[in-house]
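Listed next: structures, encoded as structure tokens.
Two complexes, one shared chain (chain A), two partners (chain B, chain C).
Showing the complex of A and B:
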């Protein structure tokens, strides 16, 4: 079983986590929303899988390229 | 003894710089405010005084009413200019400023309140004979009722926050099965952006143009409509290029709207700057969108074609001068002006790009004007909107203005983060923009086509 690291595409803050550890994420669904410069950017899991770890919590600042979560594919 | 006038500018970046410039030109003492993130802003040294108002997040600084009032007291300020965004359209805040015995550089709170609530504003528009599109009242919580209301309006439609503005939280529903998720998304964005879940529906206008009218009134009942601007070039419902005058619209149609707006506001006492925003459709009909009761980001293009200073005028009106002593009786637009907004975002997907400005070279030229609140070395953070600078050109006609703007954008060098400059140039050089065939979907069409070609 492979583990994919989901990275942030932008520098910002974690506004909302919209999935729970253990959830099966459908391809294209979002697991959290990052806010930056008054924009909301969903963090999408392109291939789908099981959310096995959340590496950040709501309110955390994140940098572009930072690992946010782990998905078991 | 009456305290001497001193204006605190309760905002940041390009608008703070703009207002401080106007105050300096009027010889009126000014106070700048800054959050932790803006402590190196260039305009701080251009004001008579600068005072720290809190940590970077807006809620802790630019939206912190207590901190702003404390800053007013500590600097012995007698007036407050709210700029745009932040607290500029908060009627409770405006009233608090007045109750404290200060001057608020903006309209009376009752106007801010009336126009801030979008369904009320639509009622007002209808009552004074302005054209409005088909739309609903505030949506009830009941999803079944919402569906029925939507059916009576017809699809495609757009869900809008009733207490909103700035293009935020507007979601399209093409068909009924998109309706409830559109309502849900709009509700959550409205709650986050404006603290209110109130929504309403409007029919969607296809390929509309955004044409708005600049209004200015004094505290003595005088009001004037200073022609129009076309702001059809948008991404995510936010303007990125604006111009005066609106291309390819019969001047008599514009004149009719100007007269209708002046009649509608007439003797009702609108007492500051304002903008009546309309959509203009392919059949040549206007429909009222909303009225903004503040200075707008794009005010500069009106200033350029009319040779006036709207910010100085706004300040003078707030301090009790009469409109007839501020603006000449007859004003007619000369030439053409276009503004491009340079955003800290990439040119393909328009995603935010915070970073440190390692190079920040702005263009210069005859009738090339730059408004910015940044300088080289400054950090552009995630906490505010992505506007880095506005480039405004003026030329004898639209084609020359376009050429001048492209030249200015090519001169602009910004490094340390991504900008939308490449996209701006693509849009301005596009066939449709050059021929004046603009509409609110044009920017995205051009950029998506350019992305396809380079993929």
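Showing the complex of A and C:
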């Protein structure tokens, strides 16, 4: 089983985590929302899969390209 | 009367050129054999195709007419040729979708595609293939697979050449005349790597091509850095991080198809308009989903690519540099068959704010479209230039102003469609101040010198601080400003030329783009050059 890293598209902070470890994520669904430039940027799992790890928590600052979560596909 | 005399008895010599024709055929076969079977097998084992396979893949079947097939070096005894090593560059004339192009590329199987020069250079930097593109006013395709000059040439010549002896003069001239495509097919360093940048559009191949000023051995010696060529100049660096090369193809076949597709949007030269494509998608097609694509919540982003795809001709987009400077999307597309350039802010990346990378990308795309008389459509949702320490250190202001500067120099029609935010200098860069200044807005549009939120807290700082409930007072003032920020009030003042139902966007734009042809076809030719870019 392959593990895919979900990366942050932007620098910002983790506003809300909207999925739980172990959840099966449908393609196109969000895992969390990053606040950046006054916008709520969803972190989208394009291909879907099982959320196996969350690497950040709400309130954390994140950098562009930082790994946020792991998805088993 | 004299009897007529008989003609003198002459011997008719045999006009037999078969030996020469045989030699010609033999030399052609040697030329087609490239660097020999062993070298070709090694090249294939590295997942790379030969220059002749590449030419076949890029061009229409059977359309290649070679020029310079006999160049190279032969080994002769008693006037007979025993062996022949072709020059490491193959070029000529071919067709792409029925239109002629000048095309050439290094042959890596002969001495690694090293720079080669006989009486006349075939291509690479300048040479016959660039002269052909210039003189016939046809596009140029460079299939780059070589590391350029070798230090050994100094020993051969007996002296060291001055930089620029095989200069870029013609390569630079071509950028104002005909479409130039550069594809990095293998490892390109030095001159060939520089040549790749002198193009309207460039592409490389994932995992099998790399591009850099100098490769790992030089880097190791000069800086002590030990690095693989993929880590130094693979597509992750050259395309995603640096934007040195515009696009990446998964493999050679995809690369060939991308080259053909890019050229389908281009005219043959700047003295003509781009070809009109398929017109089967009705210009008055209305997509209902456009009415609700912009979230009411101003903090929520949406998929700009989806918005674009609903407005332009179906399946007509070709995105330039999709992995670099991603807060702006630059894509070629068609509107009722007419080629257009789309520049759209991407709210998913920094709310669409223009950073140094996206500004650089926008500048190049605007110049590309202006050079080839392609109208521009801006789908605007930009909060302004990117802010913060990193953005300042990256010279966002300078790169952003460069894009504003270039936008103010161009003369193709520009259609500005404000779908949501249009603020500040980045917003200024999306309008046509030299032409009609034609700005169209959706009811979801908002604009100004700066967004209300930041502006109110700065301008009413003392009043807010002095209020019994500062947060409440700030919100009250913001509400007051937001009421007068309605796009309809600007439309009353004709400060925006039209507000349209989003579902009408395609029909409205198609009508004006088709009408703009009279302007465009009477303004053909090279574009003037202006002063100093900021």
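Here is the rule we go by: the second predicted complex is superposed on the first by the 73 of 73 C-alpha atoms of A that agree within 3 Å, B and C clash if a C-alpha of one lies under 4 Å from a C-alpha of the other, contacts with A are read in each partner's own complex, and residues count from 1 in each chain.
Going forward, contacts are C-beta pairs under 8 Å (C-beta built on N, C-alpha and C of every residue); 3 or more make two chains touch, one makes a residue touch a chain.
For clarity, every value in this text was computed on a predicted model and none was experimentally measured.
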item	value
Touched partner set for A:23, first chain B, second chain C, both or neither	neither
First (chain B), second (chain C), both or neither touched by A:11	both
Touched partner set for A:42, first chain B, second chain C, both or neither	second
Which of chain B and chain C A:70 touches, first, second, both or neither	neither
Where chain A meets both chain C and chain B, residue numbers	9-11, 36-41
Chain A to chain B touching residues, read off their complex	9-13, 35-41, 61
Of all residues in chain A, those that touch chain C in their complex	9-11, 36-42
Touching residues on chain B, where the partner in the complex is chain A	168, 189, 236, 344-345, 351-355, 382-386
Residue numbers on chain C that touch chain A, as the complex places them	297, 299-301, 326, 347-351, 353, 383, 386-388, 390, 451, 453
